[in-house]
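This report refers to the structure that appears directly beneath it.
A, B, C, D, E and F label the chains in the order they appear, each numbered from 1.
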C-alpha cells in the first residue's frame, strides 16, 4: 500500500557552474543561467509505503507526514532563493533532479512509521523528477 | 502495456473506532472523527495490464471496463455515505487506503480479459492511495 | 482592478424539503435527497474590487483576506455536515447557489478595505455558482 | 464575442518599498519581502473582444495574438527577475495586480484588429488579478 | 445568481474557405487548413442566470440542464466531424468562436426556467471563446 | 533518477478494421468507428532514466529532449489525421495503446544520453496508456 501527499512552494533559483565561463554557462544552462534568478511554483509529492494499521486504516499518520513535509521542505524553501538560502545548493545546481534528491534526504530520516518510497518534484505542469533513493 | 481509466464519485464518510473513547477518536482521527460526516469528490483510477489485441489495438474493451467501474464502484458509492451504505465499511474505517483495497476487491473478480494492475483513489488533489493487490 | 483568491474545504450535505413527502423529495432532489448525506471537495473563490494602493501595489492585504476566508468559511465548514453544523442551513437547502449566498453574507461584513465583488463556489470541476450580492 | 488565450512564464520577484525600514517591509510584505527573491509559474490570460469576421470565423488572428503575447510579455519576463530586468518594476512593486496592469500596457497598443478586454494574471492556482483598463 | 455547468466532447474539424485558393487557405488558417482534419477535446461551459427557487434552492433544475446540454450539443457533436456532420458548419468555419454561437442557438430555445447568460467553449486549456447572445 | 517531460498535440483519428463489416466495426469500436473521424488534445509524457551528471545536475539535456519530442512526435502528429498522415497507422488502429508504442519507437532511437523508461499518452483527462518497451 502506497500513500501520496502533495504540498506546494514558490522559490527562485538559477543554474550556474563556477568552473565554466559565462559563455559556457549560457550554452549549457540556457535561460536558466540568468544570475538574477527566475522562479517556479513547485509541487512536492511524497509517497510512503507500508502496511495498513488494522485499527486506524492508515499507512501513515497524515498529520505527522504533513508536518514533516512542511517543516523539512516547505518552510525551508517557500519564498526562498534555493541557491542562496538552502544550504545543500550552495555548490549543487538546483535542478529538478537535485531538488528531488535533496527533499529525499531531508524527509527520509524523519519518517518513522512508514518507508519513504518516492519523492517527485514538479517544476511546472510539464516537467518533473522522480527519486526512489540511492539503493534502488 | 498498461491502460488507465478514471471515474469520479462524491461520497461522505467519517473515521471512528468504536473501541476508543470520544477523546481518543478525536486525537487519532482529528477533524475526520466528526460523526456528522464530511465528504469528498473522489477520483478512482483503474490500471489494467495486458497484451494488445492485434486486431483491435485494445488491451481491454474500454466500454466493458467503464461499465464494470460504474457498476461495482460508482453506482455503489456515488452520493452515498461510505460508513452507512457500503457494507465493507460497516466495521472498517473508510480511509483512502482502505477505499483503494475495497475498490480492488470489487473490481478484480469482474475483469476477465485483462489483469488488474493498480487501483488508485484520490480523496483530493493532494492525497491519494495506490493498491497493487495482496500478492505484491 | 479585481483580485481573486481561492480556498478549499470538504463537507457533506443533503437536499431535503420537510414539507415534501419522501417520494417528492426523491423526485425533486434525485440522488442528493439521500438523508445519509454525501460530500464534496468545495472550492471557494472570492473576488474583491478596489483601487491599487500606490505604496504596496495591493488592492487588498492578502494575508487579511486569507484570514477572513479561513475564519468565516473554511474553519466553519471544513470537515463539517452543512445541514447539521452550519446554522444558515438549518432550514435552507445547501445547494451550490445557497452556499455562495451564505459565504457572501459571512465575508462581506468583514471586508474593510476592499469591496466584495463576487463569490464563486465550485461543488466539483463541472458545477459552480456565482453570486454578486443582492443589489446587482 | 470574446476570445481568450493563455501563455505561461516563470519569473522571480520580491516586494520592497525603499521608503520603509526592513522591519516595516517585513510587516507589510511578509515572506514576499525577502530580497533574495522567490518565484512563480505565472499564467497570462488575454481576452479580446470584437466582431467575428464572416469569412474566417475569427475575432482575432490567433497567430498574431500569440506572437504579440510572446514578444511583449513572455520573451520579456520568462526566466527573468521582474524587479531587476523588467523596466516598469524598477520602482513599482511587482504584485499580481501591478503585473496585470503592466501586461495591459504592453499588449494594448499592439492589438490592431481587436479590442483588449481583460488581462488576467495568475500567480498561482489560488491567486489571480484581473485588469480591464483605466477607463472602466 | 449564475449557475454554470460543464460538459466535454471530442470532435474533429478543419478550417477552409472554398472561395480561397489552397495557398490562401494555408496562409489564413495555417495548420488548421489541413483537409484531413484534426481534433480536440472540447469543453462546453453553460452559464444560466435567474432567481433562486425558495423551496429547492435551485436557479435551474440541474438534471434538465444536463439533459439539454447532452441532447443539443454533446450527442450531436461528440465523436463527430464538425464540418461534415453538424449542419450549421456545412458552410460556416467551425472556429471556437462560431462553435460558441452555434451552441448558444442550440441551447437557448430549450431553456425554459432560466435565462441563458453565457456559452463558453474551450478548444484547449489555452484557448476559449465566450458568447453572451446577439443582444449584448 | 527519472525525469519526465510533457508535450501536447491535437489530432484526429478513427478506429476501423477493413476485415470487418460496417456492423462489426460499429459493434467493436462504437462511436470511434465513425469514418469521418473525431479528435483529441493528446498529452505525450516521456520519462527517461539515468544518472545525474555531477556538473550539470541533469539526467538529460532538457532542450535536446524537447527538440526530439517535437521533431519525432509533435511536428508529425499535431493538427494531423493519424490514420491518413502518420505512416505507422496506415494499417494499425490508432488506439491510445498503439499510439504509445508508436511514440516509443519514434523516440527511443533518438535518445543518446539517457534511457527511455516510459511513454505515456493521454487521450483525455480520463484515459491514458503506458508503454515501457518490448523487453519489459
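Assume contacts are C-beta pairs under 8 Å (C-beta built on N, C-alpha and C of every residue); 3 or more make two chains touch, one makes a residue touch a chain.
Quantities reported herein were computed from a predicted structural model and do not represent experimental measurements.
**Student:** Tell me, which chains sit next to both chain E and chain F?
**Tutor:** none
**Student:** Between chain B and chain F, what's the gap in Å when you average each chain's C-alpha atoms?
**Tutor:** About 29 Å separates the centre of chain B from that of chain F.
**Student:** Specify, in ascending order, the residues of chain C that touch 2 or more different other chains.
**Tutor:** 125
**Student:** Sort out which chains touch which and give me every pair.
**Tutor:** Chain pairs that touch: A-B, A-D, A-F, B-C, B-F, C-D, C-E, D-E, E-F.
**Student:** If we count contacts the way the header does, which residues on chain F are in touch with chain E in the complex?
**Tutor:** Contact set of chain F toward chain E: 8, 10-13, 31-32, 34, 36-41, 78-81, 84-85, 124-125.
**Student:** Along chain D, where are the residues that touch chain C in the complex?
**Tutor:** Touch list, chain D to chain C: 15, 17, 19, 28-30, 92-98, 100-101, 125-131.
**Student:** State the interface residues of chain E toward chain C in the complex, per the touch definition above.
**Tutor:** Residue list for chain E touching chain C: 1-7, 47, 52, 55-59, 62-63.
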